[in-house]
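Each of the two complexes below includes subunit A, the first together with subunit B, the second together with subunit C.
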Partner chain A sequence: MASPTSTPEATPAHRAKMRAENVNFFYGSFQALHNINIEFRENQVTALIGPSGCGKSTFLRNLNRINETLRGTRLEGQILLDGEDIMQEDVTTIRRRVGMVFQRPNPFPKSIFENIIYGPKINGMVKGNASEIVESSLRRAALWDEVKDKLHESAYALSGGQQQRLCIARGLAVNPDVLLLDEPCSALDPIATAKIEDLLFTLKEQCTIVIVTHSMQQAARVADQTGFFLLGKLIEFDKTDIIFKNPAKRETEDYITGRFG
Partner chain B sequence: MRPFEEELKVLKSKLQDMGSLVAHSVHKSVQALVEQNSDYAHQVLRDESRINQLEIQIDDLATTLIAREQPVARDMRLVVAAIKINGELERMGDLAALVVERALSLVRVPQLKCSASLEKIGNLVQQMVLQSLDAFVTEDAEKANLILAADNEVDAVRNEISDELVRSMAATNDVDEVERDLDILIAARSLERIADHTTNIAEEIIFLVHGVDVRHSFQRETVPAA
Partner chain C sequence: MASPAAVTQPRKKALSERLRGGDMVAYLLTIFFATLILLVTVYIVYELWMYSLPTLKKFGFSFIGGQIWDPNPDKNVYGALPFIYGTLVTSIVALLISVPLGVGAAIYLSELAEQKLSNILTFLVELLAAVPSVIYGLLAIFTLVPLMRDYIGPFLEKFLGWTPFFQSPIYGTGYLTAGLVLAVMTFPFIISVSREALMAVPREQREAALALGATQWESTYQIVLPYAKLGIIGSVFLGLARALGETMAVTMVIGNDTHIHASLLNQGYTIAALVANEFNEAGDVQGPALVELCLVLFVMTMLINAGARLMITLTTSKGSARA
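After this line comes the complex of A and B, so read on.
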């Protein structure tokens, strides 16, 4: 079967930062992803939507090789970062270059400061500039003003929304090229959600963002491109405007208008 | 069926009610004019306030749907098209009232000028109104395209009427006659404007069906062939 639209009309200003080519993925004998072809543009937000179990999170977790920590999994095809196959690169380098933020905020049981500086430390990026890295990361995650007077207090003392922004700041501290977000707002209230969404608009100036979300309104609000997954296949991938105004595929239309089932 | 789908159906059916009422008003306004019948004219004037009430109800329903359901894709296009078609229909109702106001001043004229042309433009316009309603109910872009094509014929008849009346006005010194000619001209012009509104409705139907904006001839070539 021909793969679905994998490149919305080219925008010369935004080159492809990351690209999946003919990706199949297996949990043991179960094939979770079927021939996925998609590209993520530099300085753009791409949303992946679809019902539970459609493969969107599985796909996301392949982009920084987290899936390979699970036994019995197998990836076919290629995932390219700046044209280089990520499977051929050093895994630590890939995880530094492709950061990830999860559904539930998962700060380390340490101070705010230590949470941020942990990544730069293990990546050998700290050379007497720890405070600067912490401040700039927290500023980029729009959290600095709220925590600057309690940097050495436990990260657990923060609210859920603040913890999630701390996790984003922690991801940003190692200057990733790509930031993956797996339903980052599903545990947050609308105000905390709005803060994260506002943050994405500024963060995309600095990196490429891929967000998996169950909220179609969130995809419509934040994403430049949107991909719709169903049963492990990428059904449609296009500019977000087109997906939400006039999708090409019946399955996409049924899903986003709530007639899926 | 989900409440949202029920509400979309209600929206569509209210718009059909409004469309039927407007079609009826247009029909009666043509009859009032060509048959010089004041009863029909008063009927149109009475119905105008019902049309206005429906306009408000439909807008309220559509804005509530947007606020509560945040529709996307075809649902969104239906709600947006409904709001616009609603406005077009209300304006058509106003124009039908304008036709009958002129018709009332022409009721006692012994020999109505341009009567054959008025009947012709009246029939064409009524047909376009009914076709636009049919295209909306069946969500048929092909039917909508036929309406766009029919507008040229209406314009041609309107031009015939105005040419004849301009010649007549130029040839007379009778102020009353000029006034009557102007009444006919305004009535014909109003009917022609009603036809223009049906073409706007047709464009909204094409947007609803294909998601393509063909207004002012933009993107007309991108409409998928039947």
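After this line comes the complex of A and C, so read on.
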């Protein structure tokens, strides 16, 4: 299960899809992020780890500009998607291209079918092919076989793990370039968690994945690169192998060996 | 190993017994109050029924459909239709105005307004709900009635006079005026309950929609509103209940005319207003007739509430609503 972490050095195929440059972020007068520089490579999984309140989720929520919906927040620095500053682009386009899966499954109180087709619909992507979109999205999230006979039943009838995969399918339905996952397994049992982790290995063929997790084992299992956050700073960022076996910074080592956090 | 268990056991038992005793008291006390509510309701129906027996026997079902209300001793004929009609028409007019306004205001307060502004406005709105209805009535007599008579009424007649609903005569008082006053009186309820329902929608729902590329309006209209649907419907029925039973403000501005008119600009009467105006000097038949009207009003509100329940159950079980 843990073998894919040994992915070798980033080949030219894994070019940087998204990049943060000198990012500072403020809730009112409180500075939550300090000068973050990081890049996310295409078709790779990047994990962001660190203790609670270290800013990893806050940082993730800047990548699709969802933090803007909170009052009194301010971002400095640049976040680039394919070299373009996301702050200069239309916010709905950015959010279509950078999908997000949340900590707790949050399906809409609608049918499974309607949940999936909502995103394509508002983005004008449905042209008589709604059923195909729904099927392919559910297949990509490895949920099709479990729900194909109850597409028009309420999404709330599904188990927690299925709901979370439904949320992943919903995010995939709009064909995002990048998929952000904010502790997607924290509300799930180990079996449901394993299913989602398996899913990430196939999904990274299709898009760039950034996952925030409080579980170091999870990061070790799924991620090609790992970034360690502490007190709003990115302490260390490297290949997952190096972070876990031979970290350069004292804080990283303390954290992964469980000496604090 | 054995001795600590022996020490803790009696204490444990005492605690559980104490709890059980307290639970029993609480259970009896609360079931007493719950039963009281039911008993009061049953008692109301019983009393209304007993007091209205004379007219129930004398007129039967023709009371409901009767259009003439004539307490002259030589006629003594009583029909409920003009008042049922007036009650329903004024309430419907009130809701047609207050639901869009109230829900719209609630959306503003919960989704768009700054938190501080929202709290201040909500406080003011809830203050509106506490204003005694006689004050609304007086205010309407001084301001709305002349406005209706001199400007709004003639204006409506000019442009919509070809329909039966906006025709002369224009008195200033009447169904439409009463409906407007009721609208003002119901929308504090609709605003504050709808706002609560909207604020109770989890933040994750909004963010899920936004994260898919929805605009703020799409997220509000397509996700947040449907999620809060039940609460909003609840607020509408709360408003309706108030509108159906409102007495003082209505009787001051509806014109108190015991005939049915199609035109909203004309004068009419509602059940509550009629009972309030006539009961003190009611004769032997008129009194029971008024009580029977109360029974009708009671049944009307019951039916509307039951209908609302049914509608909510039906829409919820469809699978598209909250589980």
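In the analysis below, the second predicted complex is superposed on the first by the 250 of 261 C-alpha atoms of A that agree within 3 Å, B and C clash if a C-alpha of one lies under 4 Å from a C-alpha of the other, contacts with A are read in each partner's own complex, and residues count from 1 in each chain.
Everything below uses one rule, namely that a residue touches a chain if its C-beta (ideal position, glycine included) is under 8 Å from a C-beta of that chain, and two chains touch if they have at least 3 such contacts.
Not measured: the values here are computed from a predicted model.
**Q** Applying the document's definition of touch, where does A:174 land relative to subunit B and subunit C: first, second, both, or neither?
**A** second
**Q** Should A:220 be classified as contacting the first partner (subunit B), the second (subunit C), both, or neither?
**A** After superposition on chain A, A:220 lies in contact with subunit B alone.
**Q** Contacts for A:108 in the overlay, against subunit B (first) and subunit C (second): which applies, first, second, both or neither?
**A** Once the two structures are laid over each other on A, A:108 reaches subunit C alone.
**Q** When the two structures are overlaid on chain A, which partner does A:64 contact: first (subunit B), second (subunit C), both, or neither?
**A** Second partner only, subunit C.
**Q** Who contacts more of subunit A, subunit B or subunit C?
**A** On the superposition, C touches more of the residues of subunit A.
**Q** Should A:127 be classified as contacting the first partner (subunit B), the second (subunit C), both, or neither?
**A** Neither partner.
**Q** Would you sort A:119 into first (subunit B), second (subunit C), both or neither based on which partner it touches?
**A** The second partner, subunit C, only.
**Q** Please name which positions on subunit A make contact with subunit B in the complex.
**A** My answer: residues 216-217, 220, 244-247, 252-253, 256-258.
**Q** So in the complex, which bits of subunit B are touching subunit A?
**A** Going through subunit B, the ones touching subunit A are 2, 4, 70-77, 210-212.
**Q** Which bits of subunit C are touching subunit A when the two form their complex?
**A** 114-115, 202, 204-215, 218, 222-223, 226-227, 319-323
**Q** For subunit A, which residues count as touching subunit C in their complex?
**A** 64, 66, 69, 71, 92-93, 95-96, 99-100, 102, 104, 106-111, 114, 118-119, 122-123, 152-154, 156-157, 167, 170-171, 174
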